[in-house]
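A, B and C label the chains in the order they appear, each numbered from 1.
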Amino acid sequence: MSLMTLLDYTSVLVFALTGALVASRAQLDIVGFFFLACLTAVGGGTVRDVLLDRNPVFWIAEPTYLLVACGAALGVFFTAHLFESRYRLLLWLDACALAVAVAAGSGVALSLDQGPAVVVVMGMITGCLGGLMRDVVSNEVPLVLRQGELYVTCAFAGSTATVIAAAVGFGPGLAALACAAMTFTLRAGSIHYGWCLPVYRSRPPR
Amino acid sequence: MSLMTLLDYTSVLVFALTGALVASRAQLDIVGFFFLACLTAVGGGTVRDVLLDRNPVFWIAEPTYLLVACGAALGVFFTAHLFESRYRLLLWLDACALAVAVAAGSGVALSLDQGPAVVVVMGMITGCLGGLMRDVVSNEVPLVLRQGELYVTCAFAGSTATVIAAAVGFGPGLAALACAAMTFTLRAGSIHYGWCLPVYRSRPPR
Amino acid sequence: MSLMTLLDYTSVLVFALTGALVASRAQLDIVGFFFLACLTAVGGGTVRDVLLDRNPVFWIAEPTYLLVACGAALGVFFTAHLFESRYRLLLWLDACALAVAVAAGSGVALSLDQGPAVVVVMGMITGCLGGLMRDVVSNEVPLVLRQGELYVTCAFAGSTATVIAAAVGFGPGLAALACAAMTFTLRAGSIHYGWCLPVYRSRPPR
């Protein structure tokens, strides 16, 4: 199994857990768990594959991804009540999934010899769009756009790390590691220490 | 006209009616009716075709689909005030459209020799995504995710019926019939008798 | 640089400004500005290219588009506080972007020898979907669906103008001009004079 495949599986698994946690917060039935888990798990990678015209899309070529996502949903359905604070758990799992998915997305674009701007954007799309779909569909405020937090910024920094690592001659494995470490560190700092960038603020909008 | 084409036309027509009914509830003008009718009518099938790389997308190959959807919107624009309860009508039309669209989506995937998991997912995508787009765009609570109702579950069961019917040697026509009957029966039972699956419930989420 | 490329750049630039203005209203940080600017700027054209199977998508072939959008976001980040009423500015910029994007979208479909219905729809998709994504993601009421305003209608009329102009033998340049003029005039009349179509109204929906 290639490195990119392994990263794709990991991000599918962890994003599926976050989708299922959101389903548990919305009190859905088991098929609702499957639905949100699969949407979150494969959403970002699907958009990446459609835009890059990779054919067929990764989970159509290899439906095991869907089984992994459904398995994760099933696990959460029966165990979510054991966790004290499902929202903290959701935040941290989402941070892990983000880190892995950004590494997978930018790595795939790199392996297709895309230029730096496209590599950065594909990392951000793969990392952020699954969670964005999850939040839009389930009517939660998108994590992507919450004030006073780093989220898209982490994906941006991680993808940029991939580009820089590749430019200085690192192989795909080290580049993916640099990307995931950068993304996760920034996101964890934002969740735990409240790191953020200055936001736009002026007179109240009219 | 092949069976799959006929199913596509039927689901386009009935989904367009539901889109136009939502437009009437939002008090839009006639072009708003056209817009929501077309989005609902071709949304799910478009995603199916893009993911399966069927080229061109069905309504680009055959723009008559769009005319059918606009005709349906026009009809609703002038007659919707005749109906006592537009919401009940919307629910039941949506159930019919769901049944036909799931049959069309899973049938197309089957005819392209996709494996069982992909057939099931394509049925669910074709059935559920048009209505989901309609509800997200018009700010209604998505039917897909309402508690205590079967919706995605019906699409899942219907698609599975297609797979089983094909596995035991039924032709495409009988498989589509089994799928539509299974989907509609479950959805009708949910609307009329309140059939549902147990939902996830635990201590209140924090 | 071809005419269609020039139109694409212009609509990317102006839509990016509207995305950044929405980001300023939501008080996001600079990466949030980049994100909303890029989503709004390339969203509609990306859907157009995926549906028409133009390969690669325009901003993957030419990532300069993304740099233009990010430059526009940067400009807005540092100057938005200078404007008295950011919402009026947003409305008028959006009207300009709509006019140019409808011309670009219908022009591209025309140049690919699509039939009239597909040309009209591609103009509407390119014009309306970027702004729709911007509004759905940032939880604003979609401009597309506001009562008592012309929006989709302007895109519809503009695309139709392209089709008619091409049918009577105008070249691509004149067709694009006719389209943009028609779209902008209707939208400006709607913003400034309150032009609208009669909306559906009956007994209150239940």
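By definition in this document, contacts are C-beta pairs under 8 Å (C-beta built on N, C-alpha and C of every residue); 3 or more make two chains touch, one makes a residue touch a chain.
Keep in mind that this is a model prediction, so the values were computed, not measured.
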Rigid-body rotation angle, chain B and chain A, from Cα fit (steps of 5°): 120
Chain copies touching (chain B, chain C) - same or different residues, decided at half shared: different
Centre-of-Cα separation between chain C and chain B, whole angstrom: 28
Chain A, residues touching no fewer than two other chains: 50, 136
Contact footprint of chain A on chain C as seen in their complex: 23-35, 38, 46, 50, 55-57, 60, 63, 66-67, 77, 80-81, 85-87, 136-139
Residues of chain A touching chain C in the complex: 50-53, 114-115, 117-118, 121, 124, 128, 132, 136, 141-142, 144-145, 147, 150, 152-153, 156, 196-203, 205-206
